[in-house]
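Take a look at the structures below.
You will see two complexes here that share subunit A, one where it goes with subunit B and one where it goes with subunit C.
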Partner chain A sequence: MTTAAPSALAFSATHPRGRFSDWAARFVSRAVLALVILILAALLLEILREALPALGTALMPGGILRGDWAPVAEPPRFGLAHAIVSTGMVTALALALAVPVGFGIGLFAADIAPSWLRTILQPCLELLAGIPSVVYGFFGYVTLVAWFERHGGMATGESLLVAGAILAVMVLPFIAGVSVESFAAVPRLLKESAHATGVTRLHVLRRIVLPTALPGLFAAVALGLGRAIGETLAVLLLAGNSTALPTSYLDRGQPLTALIATELPEAGLGSGKYHALYGAGLVLILISVAINVMVWRLKARLLRHGD
Partner chain B sequence: MAIDTTQAYPATTDAAPIGTVIAPLSATARGCDCAFTLLAWACGLLGIALPLGILGFLLVEGAPRLSIAFLTQAPAGFPLARAGGVAPAIAGTLALVAIGVAVALPLGIAGAIGLVEYAPAESRWPRAVRFGAECLAAVPAIVYGLFGFAVLVVAFAFKISLVAGGLTLGLMMLPIILIGAEEAMRSVEPSLREAGLSLGVSRFNVVRRIVLPKAMPGIMAATVLAGGHAAGSAAPVLFTASVAFARGAPTLGAPVMTLPTHLYYIVSEGADLTQAYATALVLIVGLLLANGCAALIKRRLAR
Partner chain C sequence: MLRLDLRSRFATTITAAAALLLVTTTARAADGTLRVGGSTTLLFAVANGAATFMDRFKSWRDADPALPDVQPVIYVTGGGSGFGIKAAANGTLDVGMSSRDINDNEKTALGVYRSDLVGKDALAFAVQVNNPLAKVKRNLTSEDVRRIFSGQYRTYRDIDASLPAQEIVLLVRDPGSGVAELLQQEVMGKLQVSPNALQMPSQGALLKKLESNPNAFSYVSAGLAAELERLVIFTYEGTEPSHANIVNGTYKLARPLQLIVKGYTPSPLAKRFVDYMLNDGQAAVAAHGFVPLRDVGTAGKP
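Presenting the complex of A and B:
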């Protein structure tokens, strides 16, 4: 560690004023750091606290992990099953579409594309990542949903299929970006010696490039997964907001994020619905933290590979 | 007489570029390779066509509906946004992001200074904080909305207001800015720092005069990234700041209109989408302009 060598402090601040400002800066910056950590911890604890009443009965009949969403029934039931299934289906479809294309873009940019095309591809992916979720939702609404209404023979064009397809476009730049990096990080020497033996590009990919880039590719998928699960506005506009349990991709559904966005404004403070929605938020946090732990581990392994 | 090898090994005669055939390959292998190359090209071209297609679609549909009046008038008509413009939504979004940056940027920079410059040597804190920040950067935006609602709107009694939404957005930007600032400061060459310290300059002055100016382009880039992300996300402000219609300049204690939630309200109403195209276009062009400006400033600072 060069940045915080203790010996460096011994050199510093001969002038008393310098010594004071140094002391003050250290105090302030550490205090701010503590504050930042505190705020971030508060975020997790607060969601947990609001979800707690719903967690106690989570596994009982009518709890958030069992049963359906029937807020006006007597007694009301706040099961999240339909939302969890919707989130799962939409995310699976998005990844199934975006992962192969994202890896393809990664390979293309790292090994195949002429350099002028590479310089175009990079900002294009950034543009795709920069489009806000609500604009994607709107775009899907006026293109795919409208098309399904006209040609699909459905009452409304909204469905998990449409939501998943748009979601695939949204996570594509993240998957592609990370896989470009991990394909580009495969040592040139490995690739060139493989090519020198006269095998095809596909063979080099399968036997040399893929195994070497694999941890990075896992990280790319995990990143895309996290993005897809957390997206709100696009799925809110496209999935159809139906609280029935979806059974096919042509059904309408309501992912966790869309459920929260739809119901929270109408949930009374401290009501069963309110706590159930924070329970949904807690599920989202847990999933995203779990994914992040995985990405963190993969990154550590990647760094070890790089040495 | 030399043995004629050219027939069996067609490409061995002169230095072959990498990837060309130097031993006879089966037709299947060559076919698979060709198909693979074509597929990769298709993916790459799709990656270029998708963003340009979406942008082009919004431009073609939205540009004719854009006018000076649209940018300077309040929405009017019933259902909402039949006529008029999006001026209050633009003002609301700018005010929200300004508050968020005003909160998150100083906290982020000071936190990064604490992590990079004043952390005790061999401490595990920087790694732990970095991990926490990355987790929080990955937490879905709607969860920040839930937190802002429970804490700022209800517990602190800010009601649904500009200040509650701005603080929520600030919270959402904080981990991104913290990580960006930390990375930017770590990438400043250690020799510069050591040279300053060896001259007896206090660490605080080294940070102020050497490290921060050097790291500024990186910090700026992270801030613009976080700000653009916050400006475009409707989920955190949906319950903390936004309202379907507001008049006049945004004030701290009152709810505001924002561009993303305005677009959401128009589309979910589903009645008349003509203004939605123009609203989406304003949002995207605004974000692109902000990114473009940031790139320009970054280039100037880096010189």
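Presenting the complex of A and C:
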């Protein structure tokens, strides 16, 4: 923008704090920020507006927080309990499996692995993260589901266990990728100073590396959680898509995302089912916000301890 | 008669959008467009039929010398059977598609109309060849089906004491799909399909699972049944879901797929397209797993 230079100078005379380009950059970034907030707010408002009729009757018979899902009954019942439980169980299992392994991979890659291995590991994780979810779903379908049918003595292999296990593989690259970065970001100086005092490797890990990498590790969990809770296609294929309330990991279930994907295409605009499905969307958002808030609060508390 | 009706409506119409719609209605015959819509069950079969029609005839005159020399443009939209009948009655569509019988209210709204059966959507119960039930039973009564699908029979032993206590793995389509509606209306009535049933995302996924899992029990479109060698198809109430039985109505689990045109003298374009669907278009009906009225598909297939 060389041609704009004189006017920019003129501008700077009246605005001592910055030149025109500074002002423009500030303006654009604020506008983008406002746009993001606006889109998010519009999305939330729209979901809330469409879910509102279902929220009003949520606790009445047939409401979204009571009883079972029976859309063709007379009168129809739109209870979401089975889907909320399924989402909770699948997500919990996926994180329970993926978080320890992901942190392990992160620590190994950042601290222990030779650099040549690290240069292979990083692109592999990125590649894994880029595989579409339907591929994971199909892979789980032809391997795990079939295995449980043949060797697990199950009448049919679809279950929350299989869905959670495949979901763990899906979120692993995200958790591992972010933890590699946060472990690698621990300053070498800190670690080497600690080693110089003669403490064990475990001590360095516990007292120096973990506390320093902690914010990044929380981000890793939050990212994995967001991915796990929102995953649709793979869990739809693997969890069995049954509307019964699951009571064990060997039961079939239908996570909230699978419920919405199954029912929304045929839900009449403005019908009870339509509003109930928006209610399901709202519940999904609320769960994910609640867990994220919990993660961030836990992080804040742990960091305060570290100081 | 038709023109008069349009005029009087034109005068009372207040919204510009509705006025526009009527203008296009009057202009339609001249520009060669035909609007078809309604049942989502029929949507893809009729859309395919329309595509082959437009491919084959570059002008309506090619299809029938009495018709004007304009290019055929056929729009096919969904909206459901109710919408299809209503829109055919009020003139929004030239041809309505319905996958159920027309009720009395709709008959009154339509006045004089012509409805043509292009095929039937029939439901047949099926299991894999190694399914335990297939070894002892080849016929199901409506009571059997109700008990199986409602979950009252949980294992194969509940159906027949000589069978293993293996879970009956129910495969169903989502409640909004055509076959699921048919089962609900014709067999289940007020009973609910068991919540333990696996809701399959597509007909293809259902067939794959049914073919691979010996414990699975499900339903398929009868039009597809003949091609599925690994499946055992049950007779229902003693009647085989054969082409003849479905067409003549002996096999009860079927619903009509029909095209509806309003008026004493239907628009010649609409009439020509309906005729096409009743003849060459039957292949498209069969290709989507429905039972065509004329036995086209299986004989000529490689």
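Side notes on the structure shown:
Operating definition for what follows: the second predicted complex is superposed on the first by the 243 of 307 C-alpha atoms of A that agree within 3 Å, B and C clash if a C-alpha of one lies under 4 Å from a C-alpha of the other, contacts with A are read in each partner's own complex, and residues count from 1 in each chain.
Throughout what follows, a contact is a pair of C-beta atoms (placed from the backbone, for glycine too) under 8 Å apart; a residue touches a chain by one contact, two chains touch by 3 or more.
None of the values given here were measured: they were computed from a predicted structure.
Contacts of A:Gly79 after superposition: neither subunit B nor subunit C is touched. Judged by the touch definition given at the top, the superposed model places A:Pro255 against neither subunit B nor subunit C. Once the two complexes are laid over each other on the shared chain, residue contacts for A:Leu237 go to subunit B and to subunit C alike. Once the two complexes are overlaid on the shared chain, A:Glu50 sits against subunit B while remaining clear of subunit C. Once the two complexes are laid over each other on the shared chain, residue contacts for A:Ala155 go to subunit C alone; subunit B is not touched. After overlaying the two complexes on the shared chain, residue contacts for A:Pro265 are found with subunit B and with subunit C alike.
Contact with subunit C, but none with subunit B, is seen for A:Pro71 once the two complexes are overlaid on the shared chain.
Looking at the superposed arrangement, the partner reaching more residues of subunit A, out of subunit B and subunit C, is B. In the superposed pair of complexes, A:Gly216 makes contact with neither subunit B nor subunit C. Applying the stated touch rule to the two superposed structures, the overlap between the subunit B and subunit C interfaces on subunit A comprises residues 236-237, 261, 265.
Residues 166-167, 169, 174-177, 184, 190, 192-201, 205, 209, 213, 215-216 of subunit C touch subunit A in their complex. Those residues of subunit A lying in contact with subunit B across their complex are 1-6, 8-9, 11-15, 18-19, 21-22, 24-26, 28-30, 32-33, 35-37, 39-40, 42-43, 46-47, 50, 100-105, 107-109, 111-113, 117, 120-121, 124-125, 127-128, 130-135, 137-139, 141-143, 169, 172-173, 176, 192, 195-196, 198, 200-203, 205, 226, 229-233, 236-237, 257, 260-261, 264-265, 269, 277-278, 281, 284-285, 288-289, 291-292, 295-296. The touching residues of subunit B, counted against subunit A in their complex, run 18-19, 21-23, 25, 29-30, 32-33, 36-37, 39-44, 46-48, 50-52, 54-55, 57-58, 61, 107-108, 110-111, 113-123, 129, 131-136, 138-147, 149-151, 154, 171, 174-175, 178, 186, 190, 193-194, 197-198, 200-207, 228, 231-235, 238-239, 260-261, 263-264, 267-268, 273, 276-277, 280, 283-284, 287-288, 291. Subunit A meets subunit C in the complex at residues 68-74, 82, 149, 155-156, 158, 236-237, 240-245, 252, 254, 261-263, 265-267.
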